[in-house]
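Here subunit A shows up in two complexes: once beside subunit B, once beside subunit C.
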Partner chain A sequence: MVSFLIRRVAILVPMAFTISALIFFASRLSPIDPINAMVPPDMASDSANLEQLREELGLNDNIILQYFHWLKNIATGDFGYSLQSGEKISDILALRMPATLELVLSALILSTLLALTLGLFAGAKKGGVADKLSRVLGVIGIAIPDFFIGLALLNVFAFRVEWLPTGNRVAPGQVTLWDRLPNLILPVSTLTIAMLAVLIRYTRNSVLDTLNRDFVKTARSKGVPEWRVLYSHVFRNSLGPVMVLLAFRLPLLVGGSILVETVFQWPGIGTTIIAAVTASDYPVIMVVSMIIAMVILVASFLVDIIKSILDPRVRLGGGN
Partner chain B sequence: MSLSTEKDLILDLKSVNVKFKVEDDTLHILRDVSLSIPRGSFLCVVGESGCGKSVTAQAIVQLLPDNGEISSGEILFSQGNQVVELNQLEKFGKQMRGVRGAKIGMIFQDTLSSLNPAHKVGRQVAESLLQHLPISKGEARTRVIELFRKLGIPDPERRYEAYPHEFSGGMRQRVMIAIATICEPDLVIADEPTTALDVTIQAQIMTLLKDLQKSAGKTFILITHNMALVSEVADHVAVMYLGRVVEYGTVEQVLRDPRHPYTKALMASVPDLDADKNVELQTVDGQTPSPAEVTVGCEFAGRCPYVIAACKEKTIEMTQVNPGHDVRCVRLDENGKLPILASGALHE
Partner chain C sequence: MRKFTKSLGALGLAAALAVSVLAVPSQAATNNSITVAEVTAGGGGVQTIFSPWINSGSISHHAMFRALFKADANLTSVKPDLASGYKYSKDGKTLTVTLKSGIKWSDGKDLTVDDVVWSMNSLLRVAKSNAIYVNAFKQIVGSEAVNGTNTTTMSGITTKGNDITISLKAPVNTLIPVLAQFMILPKHVLANEDILKLDTNNYWKNPVVLGPYKVGTFSQGNFITLVPNDKYEGSKPIIKEINIIVSSNLVADAKSGKLDYFTTNDPDTIRAMSSVSTFKSAPLDVLFYRYLVINPTGPFSNVKAREALKYAIDWNKLVPAIYGQQGKVINSGVASGMSFHDSSIPKYKYDKAKAAALLKEANFDFSKTIRLRTYNQSQPAVMLILTAVAQQLTEIGMKVEFLPWTGDATTELWTNRNYELALKGLSAFNVGEWFAEYSNPATFEKLLGAQPKYAALNSQLIQSTTLRDTGKILTDLQKLEQQDLYKLPMHFLKQVVFISKNISGTPTKWGNPLYVYQNNIASWSAN
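Moving on, here comes the complex of A and B:
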């Protein structure tokens, strides 16, 4: 197990470097000059000023040098400044990250709990109530895009019956989470429904697959009661693919959901990305991309750990 | 609802019919299967793939796939001095579960897929024990290790903690045998237990099963398509063809003196070391028909060299050719013999 972990961590390092290089050089390949985004149009004609700014920002240095410089800054937590607002990127993140975390984490937990419960019951009793409910939810979630679900919910609950606010998170610190709860309900519901669909289907199908495996017959041939067969033999062996799907959703925690955040004017990372992209705010785009990529790396690492815990055969893979 | 009194039968199948729903069709997989199994005997059920051997085993313990059901017949199981009609019990009810594992043990063919990959093997064996007996986990562990040792699993304490994929095929089959026998069941049903193993391991496993039968006085039902195994271990043989038992008798009766044309053909297809190498090995001509085809009369008629019009007219009944030797064929004469074929389609 230890050597498995070491091998797995060793792969992470070169991968992280490759990704950082890709992000950096891709942004440098763009034909849009970041200087144009910084300088007001009336000053843009003064090429001497622009040249001076370039020099100060280090944009005239060797590109390899620039890369390592950027990497060093990122690694030491110095994310630089937004070209658009001039704010420190770390300040922007500190302000926006909690909003996204609050939204995505709630939706992730809710959808997981719901999907696992429904999916397990749906698979265990094909054609039962849970199965029917999960099929309806599955079709809705897969067929209807999340922003549309969001708009529909907004239309009904915020505009027609006016039970809930239209979203728009109240600034943290001003009020307690309890007071912000009404603002959370609609965006969280939207994201939950969107995430639920695939997860339910995955869980249900995985349970059905496992039920058909021979060891379930063996368990039954021992006279083990059905609930124990399900709990001890079926569910654990069904969780693998579901956990993988879940782990790959972790990056949403830092990336946010662009569409849902936009629909509900949620001041999270998703809306930050949109703003940064429209304004060609490269430092912000690069930092956010880098953070999301790193979380994806960690998530895939987690996936392997989870798999190896659930299925001891995974630990084999060479060595050991 | 009582077992025949002349012999001490442990299991008595009376005209068991099993049907499977496949899409819109209903397939009649077992047709009037009747088998009387004396306590302490070793019965081999033989036949080609798809003849219903495994379904018979699954029907006995009520572990048919979801789309299959016992449509009629009785499965009588003698439990002490009580006779239980297994097919009347609720599939996953307490009584049926009390029989599975505790009174009837099951051994399956593919050991890798039949063991839970996520659980340690010791735990999988102990599960059976803990389910049926009021003992502690520690006691269960001791008994499992003891049985592992008896079954020839080396280093049983360490192996208790290992996962199925860390075992060889033969060792895994020993684990399966441990699962099936740990609760000391009266009857053990082994569904092609050696098919996935190589020949030397096959022999070891068969010896193990035979020893268990002799020493513990257990009754065994071995399902196999390997005729060579049958002569080594069985005392009774049932030959099945397309969902029907076509011949039943002691191993001497069936193997030395086969009466049904299908059994004859099956025996002629077994390679023999002493045989003349220039004589080509016999095969059974044609394919097993699909159970979806509705046939009237003998199911084997389409491939049978002895076929006459009477074979296809109505369902053929079992006739006794010798005490304890039953054959389902209309071509037998008053001495229970098949007519001699002019063309010699079957070498004898």
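Moving on, here comes the complex of A and C:
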């Protein structure tokens, strides 16, 4: 197991460096001048002031030097400053991350619980009501884009019947989580429906696959109660592929859902990325891209660990 | 199956009940609070208070910041505010302003002449600011020595007691209206900050101010709540809280009582608001120009080809069809109906045959594709009108490619210049700004080359001291513009202010929402 872990970590490090270089140089290759993006020419007070700003932001330095300088700062927790707002990027992330976490974690937990429950029943009672419901939900969730689901929910619940707010995370006067709960309902529902679809189908198919295994037939023939067969044998053995899918959803906790956050004016990382791209705020773009890339690398590492725990053949090099 | 359906039904009912319990009740305006919507960059809710040295006119600016003078809704006539009065010398080159005594900042410190002098010097040191201040302050003696690399002060600004004397290189007839827009900032708070990047300073999260309101709660990414400033020397505000939010749907929020005030120039919103009976509206006659910039290199290098564009598009049909009463077709920077409009300028009525004839005269290269560009791709009305423009240009034989910009609009407009026609907007402080664009070295001069004739006339315009001189210079500028035809004016676009009928004490005439004027915000009350 230890050698397996060392092998995985040894791959991670050069990959992280490669990704950081790709992100940095790709953003710097953009033809957009960040000074122009920050200060439109008709708002520039003086060309000397713009040159001074360019110098202060290190934009005149050699690009290789800029890369290593940036890398060193990232490693020491200095993420730099937003060109658009002038704020520390670490402060921006500290402000926006809880909003994204709140939204995505709620949706992740809700969708996982619903999907696992529905998926288990759907697989266990193939052709039953739960199976039919899961298949309908699965098709809807996959076929319809999440932003459309969000807009549809907004249209009904916010614009027509006016039961729920049209957007934002916190309105004036809202202090506690209970106060803010109405603001959470629509965006969390949207993301839950979108996440539910794939997970239900995965769980259902995994359960169906496990049900056909010999050990299940053996358990049944030994007289084990059906509920115990389902829980102890079928469910637990079906979790493998599902855990892989869940692990690959971890980056969402950092990157957020750009479209859902935009539809609901949710002040999370997703809307930060949109604003940064629109304003050519490449320090923010680079840091957020870097964080998401690292989280994906870690998620992929975790998936390997989970698979190796669930199936020892993986770490011995003999499994699928 | 029946049991399952029953359970599902019960679950649905419980969910509906839960949602209705949690439903947000509408909050009509009361003297305790009103809610206003403002646009902000950054995604999500309110991110920051914008520096008034860049753009002013939002409710937060009206409520918190003050200038030496206060303009009327037309932005031309002023009354003293922080100043008690002013006096010009006979030659118009020296202005003396007397500052009032006893005015305090919201942190209790006194307002002094040092704040005014520091603010005016610092304006020339920031990287980003509104051109009306830069253009005016660069006429002050000693201004050329001041920029972001030093802390030199303008030798042309001196103080004695409460008097501030400003010496000018030449008379500047817009100086007083400009000073009525220029918000004074606290030297004791900002003097040691990085002035170059003032617009992104943390100061804007909870600024020290002079106005009737100050920041009470700043929930970044969500909202700002303004509360009465207890150090304000004027009448105490009646409304106790002004909540500033970003609304994702103005009409829905207005209908449900979650919003009490906003301004917009979006025709769809304006049309939809006609069904909201709890709001009153007022159109604002603002100098908001929409026009096409013509790239004079390539197919439109000949002035006849540029003139052909004037006859090729039926603006009198397109603008009312898309904007209704909100749009007014214009054929010049000084539109018909405005003072000093040159009536000799042709009306340019739609005439395809004349356009075709002019193109023939110009030996127009029809094989070249005309690239028509815009940065307003998020506005359906803009996309509609430009689609119609593209269509009408193809009807006279041109090949047209209409696309939004893919990169940064200002880089595309002035540096890359990969277009033949580009949509641009200008919210002008006065008509002079329209013509001042031609001699801006950072924008139009990059496209057109140096424009000494415009530069000379623009300089004369800001120095003119009589209406007669102003009229003559504007007429000369219009004639010059008609000779070159580098801009294709399209229309003015009116802004509309919407305010809840529950709110009274508001001005009888509203001004341009991008500038500050006397809007009586401390006297607003809600029933």
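What we mean here is this: the second predicted complex is superposed on the first by the 293 of 320 C-alpha atoms of A that agree within 3 Å, B and C clash if a C-alpha of one lies under 4 Å from a C-alpha of the other, contacts with A are read in each partner's own complex, and residues count from 1 in each chain.
Operating definition for what follows: contacts are C-beta pairs under 8 Å (C-beta built on N, C-alpha and C of every residue); 3 or more make two chains touch, one makes a residue touch a chain.
Everything quoted here is computed from the prediction, not taken from an experiment.
Applying the stated contact rule after C-alpha superposition, one finds that A:264 touches subunit C and leaves subunit B untouched. After overlaying the two complexes on the shared chain, residue contacts for A:53 are found with subunit C alone; subunit B is out of touch.
Shared-chain residue A:223: touches subunit B; no touch with subunit C. Using the contact criterion defined above for the overlaid structures, shared-chain residue A:78 touches neither subunit B nor subunit C, since it reaches no partner. Set against each other, subunit B and subunit C differ in how many residues of subunit A they touch, and the higher count belongs to C.
Once the two complexes are overlaid on the shared chain, A:61 sits clear of subunit B and of subunit C alike. By the touch criterion stated above, A:279 is placed in contact with subunit C alone, subunit B being left untouched. Legend: residue contacts after superposition of the two complexes on their common chain; A:215 is shown touching subunit B, with no touch to subunit C. When the two complexes are superposed on chain A, none of the residues of subunit A touches both subunit B and subunit C.
Residues of subunit C that touch subunit A in their complex: 1, 4, 19-20, 22-24, 26-27, 33, 35, 41-45, 47-48, 54, 123-131, 134, 147-149, 194, 196-197, 199-202, 217, 219-223, 225, 241, 243, 245-249, 252-253, 255-256, 258, 407-408, 410-411, 414-416, 437, 440, 442-443, 446.
On the subunit A side of its complex with subunit B, the touching residues are 213-215, 217-226, 232-233, 236-237, 310-313, 316. By the touch rule above, subunit B contacts subunit A in their complex via residues 61, 63, 92, 97-102, 105-106, 108, 110, 113-119, 124, 127-128, 131-132, 163, 165, 176, 179-180. The touching residues of subunit A, when paired with subunit C in their complex, are 31-33, 36-50, 52-53, 56, 82, 84-87, 95-96, 99, 129, 154, 157-159, 162-173, 181-182, 185, 261-268, 270-272, 274-275, 278-280.
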